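Both complexes shown next keep subunit A, but they swap its partner, so subunit B is in the first and subunit C is in the second.
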Partner chain A sequence: MPKISGWSLIRFYTILVYAFMFAPIVVVVVLSFNPEQFGSFPMKGFSFRWFIKLAQNQTILIAFKNSLILGSLTAVVSTAVGIMASMAFVRYNFPGKNTLNTLLLAPIMIPEVILGVALLLFIRWLQQPKSFALLVIGHVVLTLPYVLLIVQARLGGIKKEYEEAAQSLGANGLQTFKEVTLPLLTPAILAGMLFSFTISFDDITATLFWATAQNQTVPVKIFGMLRNSISPEINALGTVMIVLTIATPLLAGYLSRKLSRGS
Partner chain B sequence: MENKSTSPAVQLKGVYKRFGKVVAVQKMDLDFEEGSLVTLLGPSGCGKTTILRMIAGLEAPTEGEIYIKGKRVNDIPIHKRNLGMIFQNYALFPHKTIFDNVAFGLKYRNVAKGEMQAKVTKALEMVRLPGVEGRMPSQLSGGQQQRIAMARAIVIEPDVLLMDEPLSALDENLREEMRREIDNLQQMLGVTTLFVTHDQREALSMSDKIVVMKDGLKQQEGSPEEVYNYPRNHFVSDFLGHSNFFGGVIAGLEDEGVSVKLQDGNEFRVEHPGDWANNAAVELVIRAQKFELTYLDEAPPEPDMNTFDGTIKDRSYMGGEVSYFVELESGTMVHVIGIAKLTPFKKGEKIRLHVAPRHCGLLQKDKAGGDARPAK
Partner chain C sequence: MQSKRWKPWALLSPALSAVFLLLVVPVCFIVVYSFWLRSPTGADIAAFQFGNYAKFFADYFYPSILLRTIRVSLESVALCLVLGYIPAYFFYRSETRFKSVLLLLIMLPFWISFIIRTMSWINILGDTGLINHYLIKFGILSEPLGMLYNEGSVLMGLIQYLLPFMILNIYVSLEGIDKSLLEAARSMGCTEWQAFKEVTLPLSLPGLSAGSLLVFVLTAGTYLPPMILGGPKNEMIANLIFKRVIGTLDWPFGSAISVVLLGLLLIIVWTYNRYLGINQIFKSLQGE
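Our next item is the complex of A and B:
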């Protein structure tokens, strides 16, 4: 028995893990090109029928628009707040610093269901209606920890001497931040925005509590469609989402590399 | 400009710095003469960098006052102090070209575009790196980066140049070259400079004044020759070079010096200025480089030396010089550093040890042990 070594077992096991993770996704993508109403293998032909139907579905298009706006807003707000908080945590000392930092990171550990209900109750207590703003606030809470972790790590790696050198040369605090700190933070800022966008774009658990009939996001919409029937449209929508969530970071990575080479 | 006539370029008056319970700097009074190069020398954690950072405005003194060109700067933020800073790790802005790095300080000084160009070109010429304007810092070697950092600091014509261990990150060979270059540049520009280092060779070779520090306290202040030849206490003489310390008492006063009797019974003739009383407890200090070794049958190198016989117990060859540990017949160990001859002494060899009375230093016993207390 020369061939069955420990390594070949590990290799086999690894392949199984990958198959387990990616096979469902592959099935969704493949079935989205299936012309039949009920998916079965082998497929009888190839068509864009469900994509076309998808493009004509007004409610899905609205949900898509909502998701895009929500994701972008979340990314911008989360990153702006995250940069400021990170500056405070990494560059300054104040009482309660560690506690405050842990509190801001807590949403990673707290189950989303609880976050969803909690924010909803809070809004009720304030006697405010559910709104798009609630969704933005909620998603900022969800994504802020990731931005904080990324930006803080990067900021910790930017030596204080750069800022001190700029100040010694006559730049005040704001000029130093603009001329030195911010440009050096750019990769972390891009990564943070990307993370926020994809997390927001993907989120369902908490969003289910916060969304209204007018403010549906794509995942919430899919969830609703699944309750009624299993339409192949969902496969097509899934494919679009997969392409989008993979393409965005790739594009961002490509752009940032191109940008840094250009400067 | 300000009253330049009498006031020193930089002045510290009774400066203390505490970080919580830790006292980083205490009772510091310093005067920097206009155009001079002052070195703060001491082991790490002695407070030398803290002093530099207080002058820069990166730390605020807990107590005391700091003046730059006669003006109290305690409440003036760093960006309004007109300083040039040089860091150990260069701290060039990695995302800016060399031109933008050097021109950085000029942007905040209302310098016209054309003038800026000319100033940057001139600064790069001064550090002997013309034509690198378009490159990025990462494309330059460590030594070149430190030169650009120099150019960036001097182009703004600072009142004071602050250098924090600027040579530590460089290779041994490059360090010597950069040291001379900084020295030349400083003299050419005549800019008052504070140089912080733990390297005694750097301090001795380029300073107008050395301030030796330990535990936040000034131990001694003076010209390199003064500090090296007449150390005020045990710490200073130990830190500047390899010294031998022997406890003893004054056994006799002579015309030109004193006779010191060590605990092992050996007597040394010592020429060291100062008022010495008979039977006073003293510490005899002799630098390892000041001894001369000969074979037993050789004539002494010069007359009237303190001469003892001993055995080489250990030696390490260091190229240009050889470090020996010699055991005298009384059992006392002596550290000797000698110029390496073609045939260095071997381990176990019987030799004769000579040291001239003028090379023997004396410290009062109370000063010898009291180097951590405030120096008067």
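Our next item is the complex of A and C:
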């Protein structure tokens, strides 16, 4: 470690920032085991009471199912569309390339409220009802920029020579993609899918505009529950979400390492 | 391989049509709708008039929400800079082997439910929350301190959400600094602080400004933290849009407010891009 005067202060400050970042997360997990009627301090023991209550709550289970289906569909569509576009940006030169790339990344900078109102207004003008399909296409627009960023970074790191070698050996375009590009791209595909799944699973603001009572997602459901007060059930639900969102990337990382070692 | 001109367009067509149909066209609809009229029965009537904008700027009420949105966004940028620079600098200079783990940890909240992280501040700041509970238990307070539903609690939620963006942006630009420049400064007799002030800080400005723009834009459009952690006096412009569109179904007026917000952000992003260039932002997001 470099010898700097005040370095220990810098380290202490950093620890405080970490504490600030993780305080709300830790508190949710701790309180979810509190058997008390109200989701607040002090802790009066340790119980799984609210988790059991949660597992019996039919509307939350339905919301979970909705969120899982929505997240998976979003991940598949968004990653497929994103990979095709990234191939075009990384492997080809064409007029207007930079402008189009910026246009496709624009949704990151546009507030979700605007995206929410805009798409809803458009659907209304087309005289279509709010539906599950609206949620899927909306979430694809929300997640596509992130997929593009991740896949492009990865694709830029794959040497063109591999593809050219395959083609000089007689492979056609599709064969090259299937045999060379795709296997090299697998980590990026997994990362893109994971990212878009998590963003979709998590999204609240735009989803509040697009969801109906029939197709509520988990965050929309939590939002509705918060109208009353913080019940201990919300803390339990929060703990489940935290565990899921941490476990999924870890599991995916583990699986992809195992897969790449196997092949 | 480059001979087939149509190929990149074929690959791009799904993404382009998605963004065009689901973003560009709908945003144009907002602009068109903002000139429409709302009949007393609640139906929308096609028109071209500026009544909705006139209503927005008619008295102090709506502009004050716009000004508050700008103020809160600036506050959130300032706080993220103060809270984010030192950890980013720590990552840059630290030689601990846990560096990658520490970096991963600061990214972790990205993965954790936004609404859960936001509402959990109620667990901490509320009347029966963590802080009040212990302050009363140790006899420092006799009555709970009202820490929720004000601008401070809204900022807590905002910063917890935005700080990783700022830290990441600053860290990426710090990492790009050639460390031999620092050694040169030191060997010429600069103190550690002088070397920081004259070399490191100026060279990290691109990341600093990119992070600031991102934090400003994300705060200006924010809906959830003011909704959950703020009171009626902390409403921001996104809350207003939601209330007008979903609450009172006043589409023309809601569209006009959306155009005002969009205009504000466009001015800021355009100015930024003109003087500093926007691509830095996407570069550091790629580092994730």
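Quick note on the criterion: the second predicted complex is superposed on the first by the 254 of 263 C-alpha atoms of A that agree within 3 Å, B and C clash if a C-alpha of one lies under 4 Å from a C-alpha of the other, contacts with A are read in each partner's own complex, and residues count from 1 in each chain.
The rule is simple: a residue touches a chain if its C-beta (ideal position, glycine included) is under 8 Å from a C-beta of that chain, and two chains touch if they have at least 3 such contacts.
Small disclaimer: the values here were computed from a predicted structure and weren't measured.
S.K.: Is A:137 in contact with subunit B, with subunit C, with both, or with neither (first, second, both, neither)?
M.R.: Second partner only, subunit C.
S.K.: Just to be sure I read the superposition right, which of the two partners does A:236 touch: subunit B = first, subunit C = second, or both, or neither?
M.R.: In the superposition, A:236 contacts neither subunit B nor subunit C.
S.K.: Mind working out whether A:167 is in touch with subunit B, subunit C, both or neither, as first, second, both or neither?
M.R.: In the superposition, A:167 contacts both subunit B and subunit C.
S.K.: Should A:70 be classified as contacting the first partner (subunit B), the second (subunit C), both, or neither?
M.R.: Touch partners of A:70: none, neither subunit B nor subunit C.
S.K.: Which partner chains sit in contact with A:21 here, subunit B, subunit C, both or neither? Use first/second/both/neither.
M.R.: The answer is second: A:21 touches subunit C but not subunit B.
S.K.: One more residue to check, A:188. First (subunit B), second (subunit C), both or neither?
M.R.: neither
S.K.: Check whether subunit B or subunit C contacts more residues of subunit A in the superposed model.
M.R.: Ranking subunit B and subunit C by residues of subunit A touched puts C first.
S.K.: After superposition on the shared chain, which partner residues are touched by A:180: those of subunit B (first), subunit C (second), both, or neither?
M.R.: After superposition on chain A, A:180 lies in contact with subunit B alone.
S.K.: Can you give me the overlap between the subunit B contact set and the subunit C contact set on subunit A?
M.R.: Dual-contact residues (subunit A): 164, 167.
S.K.: Please output the residues of subunit C touching subunit A within their complex, sorted ascending.
M.R.: Per the touch definition, subunit C meets subunit A at residues 1-2, 5, 7-9, 11-12, 14-16, 18-19, 22-27, 29-30, 33, 83-84, 86-87, 89-90, 93-96, 105-106, 108-109, 111-124, 126, 128-130, 133-134, 137, 159-160, 163-164, 192, 217-218, 220-224, 228, 238, 241-242, 245-246, 251, 254-255, 258, 261-262, 265, 269, 278, 282, 285-286, 288.
S.K.: Applying the document's contact rule, which stretches of subunit A touch subunit C when the two form their complex?
M.R.: Counting only subunit A, the residues touching subunit C are 1-2, 4-5, 7, 10-11, 13-14, 17-18, 20-25, 27-28, 31, 38-42, 80-82, 84-85, 87-89, 91-94, 100, 102-115, 117-122, 124-125, 137-138, 140-141, 144, 146, 148-150, 152-153, 163-164, 167, 198, 202, 204-205, 208-209, 218-219, 222-223, 226, 230, 234-235, 237-238, 241-242, 245-246, 249.
S.K.: In the complex formed with subunit B, which residues of subunit A make contact?
M.R.: 159, 161-162, 164-172, 175, 179-180, 183-184, 263
S.K.: Subunit A touches which residues of subunit B in the complex?
M.R.: Interface residues on the subunit B side: 56, 58, 77-85, 87, 89, 91-95, 104-105, 107-109, 149, 152-153, 156, 162.
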